[in-house]
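Read from first to last, the chains carry the letters A, B, C and D; within each, the first residue is number 1.
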Amino acid sequence: MAKKKRQAKKAAAACVQCDVQPETKKVEQPHKKALVNRVRRIEGQVGGVLNMIEEDRYCVDILTQISAVKSALDGVAVKILSNHAQGCVRKAIMEDGGEDVIGELLGIIRKLIR
Amino acid sequence: MAKKKRQAKKAAAACVQCDVQPETKKVEQPHKKALVNRVRRIEGQVGGVLNMIEEDRYCVDILTQISAVKSALDGVAVKILSNHAQGCVRKAIMEDGGEDVIGELLGIIRKLIR
Amino acid sequence: MAKKKRQAKKAAAACVQCDVQPETKKVEQPHKKALVNRVRRIEGQVGGVLNMIEEDRYCVDILTQISAVKSALDGVAVKILSNHAQGCVRKAIMEDGGEDVIGELLGIIRKLIR
Amino acid sequence: MAKKKRQAKKAAAACVQCDVQPETKKVEQPHKKALVNRVRRIEGQVGGVLNMIEEDRYCVDILTQISAVKSALDGVAVKILSNHAQGCVRKAIMEDGGEDVIGELLGIIRKLIR
């Protein structure tokens, strides 16, 4: 019974949009390359914040850059949330009603909204 | 007249806690090394997000990591805001009442609160 | 064709958990009475903020109260989001794949995350 | 000694822009009437959310309204923060350097940024 529940959870973690193995919970993000580049740019922006502090740049200029990084991260989060809803969540709902996956989705939205 | 205003602005951007030149708006953050290390850790966390996407990790795990990065960035922002208030803003208020600097401070807080 | 799309949209807006008419997009929230009471308490908290300003209460005390109102609103938003995902979104996905409804869901999450 | 600290704190809570008694920590907000009206509108908006739930309105429409209430609250918070910085904080800095008041300010900003 407990095992069955675990299997349902594993199945729920798979993604309709891609050829993934539920056991490993692997999900290839659609347009993965573009998403990777987007996060790489954010990595560069954080490096920019680091340089600004090292170069004694004006506080407000650093804070403006931090605000931009936060916005960029929110953009990536919404993109991954969207992929997750279109993929994993949709699949789980079709397969088993998706109760667990929807609960998990709301948990992460709660963290991101704060 | 306009020049005088500009000079007031420059003076306001200097920091009481450090030996800086107002003309260049340079502000050395107190405990700069610790702050730099903190941002370097955030850079590493963003690199972690990047790897998770490349390795096809589960969407919700990636989003949890993004949420952690946002919290860490907020922590750094509050620290720099605090330095700015204790340093630049305090000095400007003592020198010229600080009207400009307070306006600027509120502008960046508005961005960070959103 | 356009009419068919509109009908799909209407259907998507209905809720599995309740007996609603899709044409009117009416959705009775589960545990509606508890939710109404929760929002009524928030209304009271906002009235509290109003009184604090009228009674010249200390700025930081008012801001603390505003912060509490925002948290309470986030709690209600997450609850309604959860109802929406468990109800309307799940139903739409089962009926027509739910593409429109998922897009709409992400739009509102984007606004709430900001 | 402890008493002296308390007195410093009380003094710090007074507002330069208005005729207030530090002992009572009373601060009349500048443009108080406009601010009260703004909060009254927010109270009305929360009442609107309440009605929408009672009338079984569509989840996403309710969430859009909640998002608008949050934005309006942020606007009021920034206004009061601005009054506080221009008034109480500025005065405290001029009087005693303002260490306590700046610490308190950062505490509330941290809560509002989250």
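Following the convention adopted for this analysis, a contact is a pair of C-beta atoms (placed from the backbone, for glycine too) under 8 Å apart; a residue touches a chain by one contact, two chains touch by 3 or more.
For clarity, every value in this text was computed on a predicted model and none was experimentally measured.
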item: CA centroid of chain A to CA centroid of chain D, Å; value: 34
item: Whole-Å separation of chain centres (CA-atom averages), chain A against chain C; value: 22
item: Contacts with two or more other chains, residues of chain D listed in rising order; value: 74, 77, 81, 105, 112, 114
item: Arrangement of touching chains [line / ring / star / complete / other]; value: ring
item: Interchain pairs in contact, sorted by label; value: A-B, A-C, B-D, C-D
item: Residues of chain A defined as touching chain C within the complex; value: 74, 77-78, 81-82, 85-86, 89-90, 93-94, 97-99, 102, 105-106, 109-110, 112-114
item: Chain C contact footprint on chain D (complex, rising order); value: 13, 20, 25-29, 32, 35-36, 39-40, 42-43, 46-47, 49-50, 53-64, 66-67, 69-70, 73-74, 76-77, 80-81, 83-84, 87-88, 104-105, 108, 111-112
